[in-house]
Amino acid sequence: MGNLATSSRRGRLRKWLTTNEPISRGQARLGSAYRSWLAFSRNPLAMLGLIIVLALIIIAIFADQIATPSPVVGGDLRTERLQPPGENHWLGTDNQARDIFSRLVHGSRLTLMVVMLVTVIAMPIGLLIGTVAGYMGGWVDAVLMRITDIFLAFPRLILALAFVAALGPGIVNAVIAIAITSWPPYARIARAETLTIRNSDFVLAVRLQGASPFRIITRHIVPLCIPSVIIRVTLDMAGIILTAAGLGFLGLGAQPPTPEWGAMIAAGRQFIIDYWWVATMPGIAIFVVSLGFNLLGDGLRDVLDPKAEK
Amino acid sequence: MTDATNDIASGERSRALLSFTLATGRFLLMLAVTIFGLLAVTFFIGRIVPVDPVLAVVGDRAPAHVYARVREEMGLDLPLWHQFAIYIGNVFRADFGNSILTSRPVVEDVIRYFPATMELATLGTFLGTLFGVPLGVAAAVKRGKFIDHVVRVIGLVGYSAPIFWLGLLGLLVFYSKLGWVAGPGRLDVTYEYMLTPVTGMVLVDSALAGDWAVFRNAVSHIALPSALLGYYSLAYISRMTRSFMLNELSQEYITTARVKGLSETRIIWFHALRNAAVPLITVIALSYAHLLEGSVLTETVFAWPGLGRYITNSLQNADMNAVLGGTLVIGLVFVAVNTFSDLLYRLFDPRTR
Amino acid sequence: MTQRSLLEVEDLRVRFHLRTGLVEAVRGVSFKVGKERLGIVGESGSGKSQTARALLGLTPPPGEVLANRLTFDGIDLLAASRRTLRALRGGRMAMVMQDPKYSLNPVMTLGAQMVETYLAHTRAGIREAKEKALAMLEAVRLRDPERVFSLYPHEASGGMGQRAMIAMMLITDPDFLIADEPTSALDVTVQQEVLRILDALVDERGMGLIFISHDLRLVSSFCDRVLVMYGGKVMEELATGNLSDAQHPYTRGLMNCLPAISGSAHPLPTLERDPEWAR
């Protein structure tokens, strides 16, 4: 950073961000975010993950513009069934003459929706149970953690399967089932964090000021637990996608003709020997997206939680 | 050398046995609570089924008094806790009800299908451990080198690719295109009834019977699914081994071992790995449990007549007794495997005795 | 002190190529030791431990060791094969590590770790190795050698662990011992005892010793000569008999900081460091 840096506006911004003596809390926060970003962006695999996830979001938003053929209604059944990948249909067509590329593009919405809904449901449950258990201690902790352990003791996919069996197949029920099976690890993490925060001076200070346990948990403890839970959630997202695809594959997730990737593999299964692309393409989509979330999660963990893995 | 160590340590071990027994008591109590919880969860799932079980028996047009009588017979008029108590009682008498699909008691079905699942998961974990541990060790020792990147890629693919998709591709390539392995199922149809089940595991049964033609056929059938499960197990085990080994290799006692003039081979494979083995036990057990769970998908792809396929088949036919029975059994096995690994952990790590 | 020197070090440098640039932990250290006691004193980060590790060829991976001369009993340590180095380490040169809580393998009994050392350097059988180990445990004045032999490190106290460590390192009768802060992790009451044992054994066996510590007084009471290090360099080399003749301001500073029983020191003296010394 010589003259060049100080003379340009970007240089000044960078200097403001990397200063060792921030003037405001906001500056300190932005500064540390910037430093994390620098560390993150030095990791090419993490960047690849970020690009994949961003691409998924963009594709989901602009699905209608990106892929114009209908993902649900197919073309001419006599001439356009099971076409191999080619000029008209980049990734070929399935047995109902639907464009596979278009189905994949529109399916990205479902994948993204499942991931977001599961997160939105499971993360607050896990945070709440974990922080309450950690903060209250005693029998509350014992009971809540036993419940958590019981859910952890169940294999996730089987439990989700049983829930879907009871609730009936469908994408919403699949989301609920996955969410029910996803929260326990978050509760564990939140509890562990809470235990380290619980007796710190600032919590004692707030308590002396007469804050209620509810306020202490929601305003002071939860915000501090969020980063580590978010890392775990990101690492879990690939797992969520795979579970959802698995349920779809078993016919328990999204129902036809919805272009859900797992269900598409199941549908293409019967033609796999002669028309390999029907089942292969959606598998590649699932693989790439899970890979993206895995890389992103690994990268985030390396930056935000250096203790976790060296 | 190992013998000497064991010899020396045997006195210590017997002394540790007492405290070990005491710890086991506490442990059993926790186990009982967990199993109780499992039962509560399956019971609860059975209650939220939107299908009215009484209607399923009497039909839509049954008069009200018939409906009420059947409801009473099925115990559905009792308070919920009472129903739960009856449920627990039934489970302890190994009565999960009858399967609608096979019209046999669910327990019989589970006993019939479980060995196939176990055979597959055991072989998969065995393969995964056999290759995963050395790979993980090599990756940790040659950190940042070629082998480390290989392990990383194996891990990423294993964590990202849907298992049922890889299974389908495997069938496409190795069965239909290359013809290296046999297709779906446990045996060719011609061999299917030549074998009298003893353990229910085809490889074991055919070996016991000395019927090598059947054995070869069974190997050819199990090769692909077990390799697939082995791959997933390897992905997990190698990654965890690497991480544990990196941790151990940075410890002071490793420097001590070098100061002592020991060879690198001994330092890595004896000193570091013995220490890494302690958490690795848990990882291998977890991987085994996950393969049992993954069986639901793999068995569907490979038409493997195991518990996973039994559950999914029952699911598609709304056979709730079978689904919940199978779920509970897999849950119990899961708990059993974890318990076993905990006990092993205590045996392996002198600090926890 | 007129003996032939065993260990000769000339212009030793230990460097680490890190992402942030080149870090030189040891920068041109030279000394010679025979069958005598050399103390190395310095604050943390002064390069004293890295010097010791470089002598044994144990500089951790990204590190690089350079020297004009680094010999042990005429053997060039930098050019020696790994096999030769391994035979030297633990056989003729040994090192007592700092904290027995971390430096002993937690899943092996103390006895097994000693036996292993002996077996790595001799052609002895297990029975002989065990006898030797028990004899060593007795030599470090442990009351019940048989029992200590079968203990796991976590079952032994700090003092016990460190004595077992000394026993383990001396089991092969090395010519030369490096002790890297061997008592800093122990309780004060145990420290003296462990030092006495070390002292007696070094005398008895006529070993050469490098004793590393941050405690100038301890070193001066224990060693014949002292090397004062700062910033990876030797500031001064002194015979312990004439510490008061110290010329270098850093050594004088260290000495001023020693608490004295008579007279009060107000304000407490602080150690002054001049970046110039490290140039």
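Residue numbering begins at 1 within each chain, and the chains themselves are lettered A, B and C in the order written.
Keep this in mind: contacts are C-beta pairs under 8 Å (C-beta built on N, C-alpha and C of every residue); 3 or more make two chains touch, one makes a residue touch a chain.
Just so we're on the same page, UniProt names per chain: A, B = ABC transporter permease; C = ABC transporter ATP-binding protein.
Note that the structure is a prediction, hence the values are computed from the model and not measured.
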| item | value |
| --- | --- |
| Chain-level touch network, classified as line, ring, star, complete or other | line |
| Centroid comparison with subunit A (C-alpha atoms), farthest chain | C |
| Selected pair, greater C-beta contact count between A-B and B-C | A-B |
| Geometric centre distance via CA averages, subunit C-subunit B, whole Å | 51 |
| Centre-to-centre distance between subunit B and subunit A (centres being mean Cα positions), rounded to whole Å | 26 |
| Subunit B-touching residues of subunit C, taken from the complex the two chains share | 53, 56, 58, 86-91, 94-95, 97-99, 102-109, 111-112, 115-117, 119-121, 126, 129-130, 149-152, 154-155, 165, 168-169 |
| Parts of subunit B lying in touch with subunit A, wherever the complex brings them together | 33-34, 37-38, 40-42, 45-46, 48-50, 156-157, 159-166, 168-169, 171-172, 176, 243, 246-247, 250, 289-290, 292-294, 296-297, 300-301, 311-312, 315-316, 318, 320, 323-324, 327, 330-331, 334-335, 338 |
| Subunit C partner contacts - residues on subunit B that touch it in the complex | 1, 3-5, 8-9, 11-12, 251-253, 255-263, 271, 274-275, 278, 348-351 |
| Subunit B partner contacts - residues on subunit A that touch it in the complex | 146-147, 149-151, 153-159, 161-168, 238, 242, 245-246, 249-252, 262, 265, 269, 272-273, 276, 279-280, 282-283, 286-287, 290-291, 294-295, 309-310 |
